[in-house]
Structure formats: structure tokens, C-alpha cells
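There are two complexes below, and they share chain A, which is joined by chain B in the first and by chain C in the second.
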Partner chain A sequence: MTPKKAALSQVPKIEKAQIALLERLSNAVAVSGAEGEVRKIVMAEIKDLADDIKVDALGNVLAVKHAKTEPALKVMLAAHMDEVGFMLVDGEDGLYEFETVGGIDARQLPGKPVLVGKDHLPGVIGAKPIHHTTADERRNVIPVDVLRIDVGNENGKKIHAGDRATFATRFQRIGPSLVGKALDNRLGVATLIELLRHSPAHIEFQAAFTVQEEVGLRGARVAAYALNPQLAIALDSTPAGDLPRWDGEESPRYNTKLDAGPAIYVADQGTLSDPRLIQHLLRTAETYGIPCQMRQPGGGGTDAGAIHKQRAGIPVVSVSVPGRYAHTAALVARLDDWQHTLALIFHALQDLTPAILEPDRS
Partner chain B sequence: MKSLIKKLVEAVGPSGYEGAVRDLVKAEVGKLADDVRVDALGNLIVRKGNQRSDGLRIMLSAHLDEIGLIVTHVDDKGFVRFTSIGGVYPRTLFGGRVQFLNGSAGVIGGEKIDSADKVHALDKLFIDVGATSKADCPVKIGDLAIFERPMIDLGNRLVAKSMDDRVAVAVLIETLRTLENSPHEIYFVFSTQEEVGTRGATTAAYGIDPDLGLAVDVTATGDTPNGIRMAVKLGGGPAIKVRDAGMLSDPRVVRWMSDTAEAAKIPYQLEILEGGTTDARPIQLTRAGVPVGCLSIPCRYIHSPSEMVDTSDVQNSVRLLTALLSNPIHLK
Partner chain C sequence: MAELKEFLKKILSLPGLSAYEDPVREVIAEEWQPLVDEISVSRIGSLHGLKRGEAAEPHRRMLLSAHMDGIGMMVTGIEDGLLRFTEIGGIDARILPGTLVTVHGRRELPGYVVQPPAWLLPDDQASGRTVDMKYLFVDTGLRSAEVSDLVRIGDLISFAQSPIDLTSDWVAGHSLDNRASVAAVTACLQELQRIRHTWDVWAVASVQEEEVLGGAFTSPFEIRPDLAVAIDVTFARSPGSPAGYNTFPLGKGATIGWGPNIHPALYESFKTLADRLDMPWHDDLMPRMSGTDAMAIQVVAEGIPCMVLGIPLRYMHTAVEVVSMKDITRTGHLLAQFIAGLDADTMPNLRWDDES
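And then the complex of A and B:
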């Protein structure tokens, strides 16, 4: 076997067990600020994988696996556990007013089934049926403040203001695709668990399963302060807007494309990735023949935006699994893109040495 | 000093990619400093002096970076779509020339628009690099460019791209050269990523943990035909910032700066800026909080490829900064 082939054979594979874990993560309810359900899954998965595991004051899971050799780079890998969703604010007789948590388009909501609270009580975001709407009404967006979550009279007594809700979508594998809610960022969480399981011995591996990313990168900010790494990688999911245009013209704006591999960030709303880390990822992809794509520079952001400004500065880069229809009831991602993301980061960590920080940032 | 400014403003250094400008500054300050280092975000941190019993740890900050463009897409015919790095006004773009970090050049064109009075939105513009296909296009997604524009010398006035904030970088270098016998431990910070949200100064301030902070940056003026209402004018002397959209200067720092200018007979103006902010904001907010102020160099046409400053304002900024740092400071 050539050295390259030998290295490739060590890459953790996405198989039944990994997909089953992703399914459990996707189906769990963990709206920003109430990530307990996903945290519980994460804690159970990683309990034997790290030397030091703790839950911090905001609810981040910080797991450190010590290096077996010196000198070791302290590398933080962050994946947020939280998802966008809803918070119930007031109501009676099983009808609840709610607010959105994180970036949700109000047009996505009417008629969607949801799960409410810790007990996953079923509900639906009510919509006026077409029988009773005028043509004018159907042209306009229904604002969130007139929508209600209807949980039925029976369960209404078990629900309180402040309870979270999320889309009721159940995870499915459809051919080459993974379909589910909250795959932004349960894909990142599942990837980080696999990386922790297969972390290289020469790195001080700091896994941060973060909270409250969707409401402003709040968990990552304190996680980075506590871990104080020498460099960091944020693992996330980013929209793929690669649908064909109606007129067949080439679309200049798509953010990322499905089937093109992990998306590497150069610039988003919150971060200008460290060029040394971008180059390391591109070299890694080339060396091991892993497909990857550059995410189109623009808006959006990841935990990297909070991490790099912590303390005296931390070099960062973000890598995302592309997915269509992010922040709606169902995201569609590809198994191959996930596998390639895992492979890219796995090799990038294997080949990472302190020399990467020797030249100054360009 | 004009030749130093010319060298700095003609260098290429969009936010996040300030290496070339930093190297120029390093070459200028190397012999003058007690310590020179580069931090994780690329800030150049130059220390001069050790803190005497009557001195403070002071952080000065002028940013290295300039606004620019970044490639988002190359189409099948080789046209390059882009978005902005920092506060780029689309109205300054059409017909402009750009230079990429990789050495390629191009001109900005735009899609057909209905009316000659309208301005192209950013996503209706593209860069023509002379390519005919994706294959022969010399740039790719994620490549950065800046506005190509040599400095012109109009005598008392200088015009260039990136006067914001290279003219302040020059002011810090000259102050470092001029300053003798300061009681203070002074950190001259040539910061990165200011134009995308004062990110470099955020981490530099945390690392330095200063007793006092001063940003040196450019500010707008109200002295052009039908311009904005603002008391600052070109040639009126350095502006002492009272407030901007992100920061209220410590009133004691404003008094200290004004009193020093008056004692040294240096002309100055007070600045109230309604939009924008400077590196003074993250310095003020670092750790447990820091008293800060900002010395601003009046500048016309900020964030256009032709930013104009007055040479007397530049000279007087060096004089004022030197006077401020030469003696013990008692804020009151």
C-alpha cells in the first residue's frame, strides 16, 4: 500500500452507526438556549473518548483529549448543538403565541407540524384554509405575531410560556441524500464526535459542542475563552443554493453546491479566515484527492466569528457540509459531502504541526 | 513624509491580508523600537520605552487594512462577480480599476440599467479581467482585490486610495521617530481588519492591556459643496474626537488632548462624527475598560478611490501626538 492509500484507509467511515447517530441528533429538540437533549446524546457518545469533559455555565460541552507527544498544538474544534425554532410566549386553550428563535423566514411557517417542549408534545402552526382566504391575503406573508401553535386542548395544560418548539420533521435517508430538520448543525456535531473518536495523538484536541450559535455565537465566545486554543476550526452546515434557474441561465449566487464536497470559508459576515489554515485545508484536499469547494464569500457566519476575536486572537477557519433549505422544516444534504468533510478534517488534523503558525498571518 | 505616505497608500492590503503593508511598516520601525511582534490576527505591535513610575502603558492604534473586493463567482465567459470587504459604496465602482493580490488587474463593468441616473447595485457589477472563459480567468473564488490608484500630490493636499488609514500609519511612524524621553511604555499598534469591524484592535487591546488608548484614524469633513453638516474641515488641524457612532471619548482624554494642543499652539478641531467608529471602541471595551480618545485626520471622499488629506493636518497630527506622549499624563 502506498503511504497515501494507507492514510486514506484510516479515514473514519460514515456507516450505519454514524447515520443512526445523526438521525437521533436530527430528531432531538434543541432550540437555542435549551440544548439539553442534544447535549445528553453528545455526553453519552463521548464519555469514553476524552480525558476531561465538562459542561460550562452556558451549557457548552467542552471535551479535551490530551496529546500523547510534545510539543502539541492546542486545537479547538467547534460545532454548535442548537437549532433555530420557536419560543412560546403566551396563550390559552391550547393555542399559543410564539416568537422565532434564530433566523427563520415567516413564509415557511403556516401549516407546519411542530414538537413542543421537553416531552415533544405534538402541535401545528395553524393556517387559515384556502376556503377562507382572499386572493389578496394569499399574496402576503402572514406575520409571526398572528400565527399560533395549536397543541390541542388536552396538552395545553402541560405547556408553559418559555417552552421551545421546533419542526416535527423526522430524519430520512433518501438514496444519496440525508433529509431532516436541524441538520444545521447536527451534521457538524456528528462530525465532531467522529473526529474526537479518531483524533491524532500529537494534538491537544479541544472539542467544543457549543450552545446559542443561532442567536449570535454566544456559546462559542465563552468556550474559546475557556479553552484558549492556538487555532480553531468551526464545523457547520451552510446553505446550498444550487437549484437550476428557471431560465436556464448560470446563477452567480448559490453560496455552495451539493455534491461538490466540504465548503471552505474565506470570508463571511463575521470572519476573514486565516489564510494559513485555508491553504492547509486546500493542500490536504489536493494531497488526498478529497473534493472540496470554496464557499462564496458573503454574509452568514459561524462560531469562528466569536472564537477568533477571543483573548489576544485565535487563527480560525470554518468548514461546512452544504445543505439545501437550511433553517426550514427540512434540509437536504448528501452523504458523500458529509463523508468528504469528515475525511478532509481528519487528514488536516493528522498533518497539522506547530509549523503552521511559524509564518506570520499574511 | 510625502514619500512615506506614497509608499504606504500605494501598497496592497485589504482587510485580513495586510502582510505587504505590515512588511513596509516593519522596515520603517525596526530600528526605532524596543520590541516588534506580530500577533495571531496579524497586528504589528511595536513597543517603545519602559514604563517609568510617572508613566502609563499606552496603546496607539492605526489600521493597516483598506476596503476591497472579493471574488464570489467566475462565470463561463470569464467575468468575475464579487462582493465587498468593508464599507464599499457601489457608486464609486463602475469604470474603476482593481488590482488583485495575485498581481492580476481588471476593470469594473456593469449590467445594463434602465436609467443613467441610477447606480449599479453590487450584484449588477462585475470585474472584467480580460478573460474569455472560466479556464483562462486568472482569479478564482475567494481572491481579493483593491482599488488601483496612484497617489497624486496637489501641493498642500494629497489624494490616494487608502489614505484611510495609511496616512495615520505614517503619522504613527513619524511620531515613533520624533518621540524622545517619554515616561510611558507605548505600544504602537498597526492593526488589522478595522474595516470589517475593528477586529484586530479587539485582540491587540486584550493582549496589551493598556492604561490608556488612542486611535489615530481619518474622519469626514463638512467643507465641500452641499456636503454633510459637520464642523471639521481640511487644513483646520487634527480633530479631537468627542464621539462617533460606536464610542464616546473619555471626557478627561478630550480635555487632556485639547489642553495639550493649546499649550503647544497646535491648531485643532473637535469632532463629532455621526456614523462609523474606530479602533478606540474595542480598546475602550477590552477587559475591565480603558479610557480612550481618538485623534482624527480630516479627510474628504472617505471610502472612495480618491481620499484627500491636507499635509498641514498630517504634520500637526505628528506634533500633537508627540506632545501628548512626551510628558506624564494626569487625566482630570
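And then the complex of A and C:
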């Protein structure tokens, strides 16, 4: 067996157990600021995988697996646990006014089933019957402050303003696809758990399962301070906008594409990725024949934005699994893209040496 | 009531788009079979259940019409494995993005209605405005080649939202318009097992109401009832809906229709009966038309005296309509008691105010 083949054979595989874990993670409810359900799953999964595990002041899970050789690079891998959702703010008789938490398009809300509160009570976001609307009115978006979460007249007593809610979508595996409400970023969380399980012996592996990414990268900021890594990789989900354009013309803009492999970030709204890390990832992909794509530079952001300006600066790069329809009831991602993402980061960590931090940034 | 609710949830979980009601009709037929003397299917697919009366022949005939078809969508195009579609029945495009559906292709495919990013849409579809239905897609999660094999233009797309027990009494789901009324007619047939009645009762689960009232025109022609009641959902008061004369509190009683589709003497009889049964009810004023099977039934052949009963429903024509089981069972009870009171004098007494 050649060394390359030997390395390839070690890549953790996405199989039934990994998909089952992703399913549990995606169906769990963890709106930014209330990540407890996902934290609980993560803690149970990693309890035997790291040397030090702690939950910090904001609710991040910080798990460190020490290197078995010296000198060892301290590498932080971050995946946010939180998801976009809703907070009930006022209501009576089972009808609740709510605010969105994280970036949600108001057009995604009417007519959707939701889960409310710690007990996941069922609710629905209704809409005025079409019979009572005019054609002009239907051109206008129904504003969030007009919508209500309806939990019925009985359960109304069991929930309160302040409770969180999410879309009620159940995870599904459909053909080549994975479909769920919170694959942004439970894909990253599940990837990070697998990487921790298969971490290379020569690096100090710092896993950060972060909170409040969707409302301002708050968890990642303090996690990076506490862990004080020499470099970091943020694992996330990024929109694939590879749908047909309305007029059939090819769109110059797509952000990322499904089936094209993990998306490597060069620049987004909050980060300029470290060129040495980008090069290392591209070399790794080439060496091991792993498909990957460059995310089109532009807006958006990940935990990397908070990590790279922490302390005296931390070289960082983001790698995301592409997914269509992020921040809606159902995100669609591909199993192959997830597998390739896991393989890329696995090999990139295996082949990482302190030389990567030499100042020649070409 | 628990059994009726299970039956309702069962028929809510079945497709039955206008003109394609077969899947739901089969299950309704199974439920009605032991409750009626004869069961048949009309030329265009409506289900007819006949429960014979006890009087000497010829029997007077009472028609109960509840449409069983539901709204949905139909594939109009396939682009890169994504489906373009149009509506069957009236759908506000604003309720669609993020909705779980089933595409009835060569096999049943789960999918979601999705809204493309703004940069893939014409300028007048920019954020802040509704994206027109013609620019939305259904994504089945399958790749283009597989979709081309499995889906054709004209394939149906139905809502796939599973029924939700919102409370012990309230059920949420799609197609409660008008499966709720099918359940009410079923409750009536169940009560009629224990009650003597002289008239023949024709229970009809009609087809194609949402598009062309197809069943409502044809079944009464075949049956030629003396009287008819259309049972349909009506508007429950809900967020964003007007709190006016045409919306009703949920779970606080059925509605009794009043307007040109309704024979005034029937209205009086139902009102009097509801009061006698100490049952809550509301006037459903329909100044021009009722928007129900009654519009067609009324004008079949030489004309048929009609009544409209309504079951209040929130969020009509969304995948998360909400209805109260109590209102359904009340409606069934009112129908059964009305049928129990029908006799040889009913038709002669069905007079206009100005008749002496």
C-alpha cells in the first residue's frame, strides 16, 4: 500500500451512525442563546474523545485532545451549535407574537409548522385565507409583526413569552440529499465530532462547539481567546445558489454549488482567510483527489470572523458544506459534499506541520 | 370522538386533488361501507352512500354533500432537476416557500417548495416583495437525471404536512378544507345507526369543488334529492383575518348559512333545531354566493332547496389549517337530528314567507 492509499483508507466514513447522529442534531432545537439540547448531545458524544472538556461562561463546549508528540501545533476547529429560529414575545389564548432570531426572510414563515419551548409543543404560523386577500395585497410580504404562532387554546398555558421556537421540519435523507431545518450548522457539529474521534496525534486538537454564531459570532470570540490557538478552521454551512435563473441565462453568481465538494472561503464580510491555510487545503485536495470549490467571495460570515482578530491575531480559514435554502424550513445538502468535507479536513490536519506558520505567505 | 379524529387524520394524510380523488375516496368508502345500505361511485368519481329510510316507498331523499377534493399543485416544467408548478385551487404564493410536498411522479417523491435567491429573479421580484408562484420551484433533493426519469409535466403535487394534534380538540393540517366536513357527514351516518328516519339519506363525498364544482353539479342530478345540505368549512377568526360578520370563533359552534343559495324555510328549520338542541351556532351571511357545493346543487335539474352548514376553520387554503373536533361532531349531530325530524309533512311545509 502506498502512503497515499494508506492515508485515504483512514478517512472516517459517513455511514449509518453518522447520519443518525446528524438526524438527532438537526431535529434538536437550539436557537441562538439556548443551545442546551445540542450541547447535551455533543457532550454525550465526545465525553471519551478528549482530555479536557468544559462548558464556558457563554455555553460553548471546549474540548481539548492533547498531542502525543512535541512540539505540537495548537489548532482550533470551530463549529457553531446554534440555529436561527424565533422567540415568543407576547401573546394570549395560545396566539403568540414572535421575533426572529438570526437572519430569516419573513417570506419563509406563513403556513409553516413550528415547535415551541422546551417540550417541543406543536404550533403553526398561519396566514389569512386567500379568500380574504386582494391580488395587490398578495404582492406584499406579510410582515413578521402581523404573524402569530398558534399553539391552540390548551397549550397556551404551558408556554410563555421568552420561549424559543423553530421550524418543525423532520430530518430526511432523500436520494443523494440530506434535508433538515438546522443542517446549518449541525453538519459542522457532526463533522467536528468525527474529526475529534479521528484527530491526528501530532497536533493539539482544540474543538470548539460554539454558541450564538447566528446573532454575532459571540461564542467563537471567547472560545478563541480561551483556547489561544496558533491557527483555526471554522466548519460551517454556506448557501448554494446554483438554481436556474428565471430567464434560463447562466448566472454569474451562485456563491457555491451542490455536488462540487467543500467550499473554501477566501473572503467574506468579516474575514480574509489566511492564504497559507487556503494553499494548504488546495494542496491537500489535489494530493488526495478530493473535490473542492472556492466559495465566491462576498458577504456572509462564519465563526472565523471573530476568531481571526482575537488576541494578537489567529490565522484562520472557513470550510463549509454547501447547502441550498439556508435559514428556511428545509436546507438541502448532499451527502457526498459532507463526506468530501470531512475527508479534506481530516487529511489537511494529518499533513499539517509547524512550517505552515512561516511568514512566507505565498 | 377519538375514533372520528383518527379517521379524520387518516384522510388528511391522503392525497385527493381535484379530479384525482381516488386515494381518499377509497378510505372514505371503507369507513362508510358499514354505515350505509348501498355504496357507489358516480361517473366522475363522487362517492355516494345510501342509507334507506323506513317509510313506505317511494321515499323522499335527503342529500348531504361534502367535497373531498383538496387544493394542490401541478408540474408545469422541469429545469435542472427543479420543478416549476401551477396551482390547483386557489393558493396564495406567500404560504408556499418551505412547504413539504409530495410529487406524484412515477413514484411518490418528497420535496419542498423553494424560493430562489434574489439574484436569480427578475428585478420586480426583489426582496421585500412576494416571489410569484411562477418563479418558485419544488426541489426533490434528487439530481437532474433522476428527476427527468421520474417526473413529467402534468404530474400532481400535493401538500404532505402530517396532521398535528394542536390540542385535544384542535387538529391542524392540510385539506381540512373539506375533509373536516367529510368527517361531519361520517359522524351523522354513525348517529343515524341509532335513530329511526323515514327519508332516504344520500351521503356524498363530492369531487372537483375547488376547481369546477364537478361533483356538486352531477351527483344531485343522478340522485334527485328533495332537499340538500352542503357541508363545507367557513372562516374562523384568526390573526390577520377581519373580525367581521364573516369570521367565527373556533370551537364555538357550526354556522348556518343565509343568502340566495339557501332556502329560507330550511334556514329557519335548522336554526330552530339548533336552538332546541341547545347547540351553539352562528349565522353565516352569504350575501351573493356561498362558495360551496350548494351553488351548483341549487340549480341542478328543476332546482333543489339547499342549506349550507359551515365548520369554522383557521388559515384556510394553507397546509396548516386548524379546526375543532367539537364543531365537527356538532355539525354531524345537527344533521342527524334534522334527518330524524324529516317526515311526510316536511315538503308541504317548506313554504315561502309570502305563501299562505
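Everything below uses one rule, namely that the second predicted complex is superposed on the first by the 359 of 362 C-alpha atoms of A that agree within 3 Å, B and C clash if a C-alpha of one lies under 4 Å from a C-alpha of the other, contacts with A are read in each partner's own complex, and residues count from 1 in each chain.
By our rule, a residue touches a chain if its C-beta (ideal position, glycine included) is under 8 Å from a C-beta of that chain, and two chains touch if they have at least 3 such contacts.
Everything numeric in this text was worked out from a predicted model, so none of it was measured.
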Q) Are chain B and chain C a fit on chain A, or do they clash, once the structures share the same frame? A) fit
Q) Is A:Arg253 in contact with chain B, with chain C, with both, or with neither (first, second, both, neither)? A) both
Q. Which partner, chain B or chain C, is in contact with more residues of chain A?
A. C
Q.
Which partner chains sit in contact with A:Gly298 here, chain B, chain C, both or neither? Use first/second/both/neither.
A. first
Q: May I ask you to decide whether A:Ile314 touches chain B, chain C, both, or neither, giving the answer as first, second, both or neither?
A: first
Q | Included angle at chain A between vectors to chain C and chain B, based on C-alpha centres and rounded to the nearest 10 degrees | A | 130
Q.
If we overlay the two complexes on their shared chain A, which of chain B and chain C does A:Leu272 touch? Say first, second, both or neither.
A. first
Q. Taking the superposed arrangement, what is the smallest distance in Å from a C-alpha atom of chain B to one of chain C?
A. 10
Q: Determine where on chain A the residues touched by chain B overlap those touched by chain C, and list them.
A: 253
(Q) Touching residues of chain B toward chain A in the complex: what are they? (A) 15-17, 19, 22, 38-43, 70-73, 75-76, 81, 83, 85, 123, 140-142, 192-193, 196, 199-200, 202-204, 206-207
Q. Where on chain C is chain A touching in the complex?
A. 79-80, 82, 90-100, 109-110, 112, 114-117, 119-122, 125, 127-131, 135, 137, 139-143, 146, 161, 164-170, 172, 235, 238-242, 251, 291, 314-320, 322
**Q.** In the complex, chain A residues that touch chain C
**A.** 95, 105, 107-108, 110-113, 122-133, 138-142, 146-148, 150-155, 167, 169, 172, 174-177, 179, 239, 241, 243-248, 251, 253, 259, 324-325, 328-330, 332
Q. Along chain A, where are the residues that touch chain B in the complex?
A. 250, 252-253, 266-267, 272-273, 275, 278, 294, 296-298, 308-315, 357, 360-362
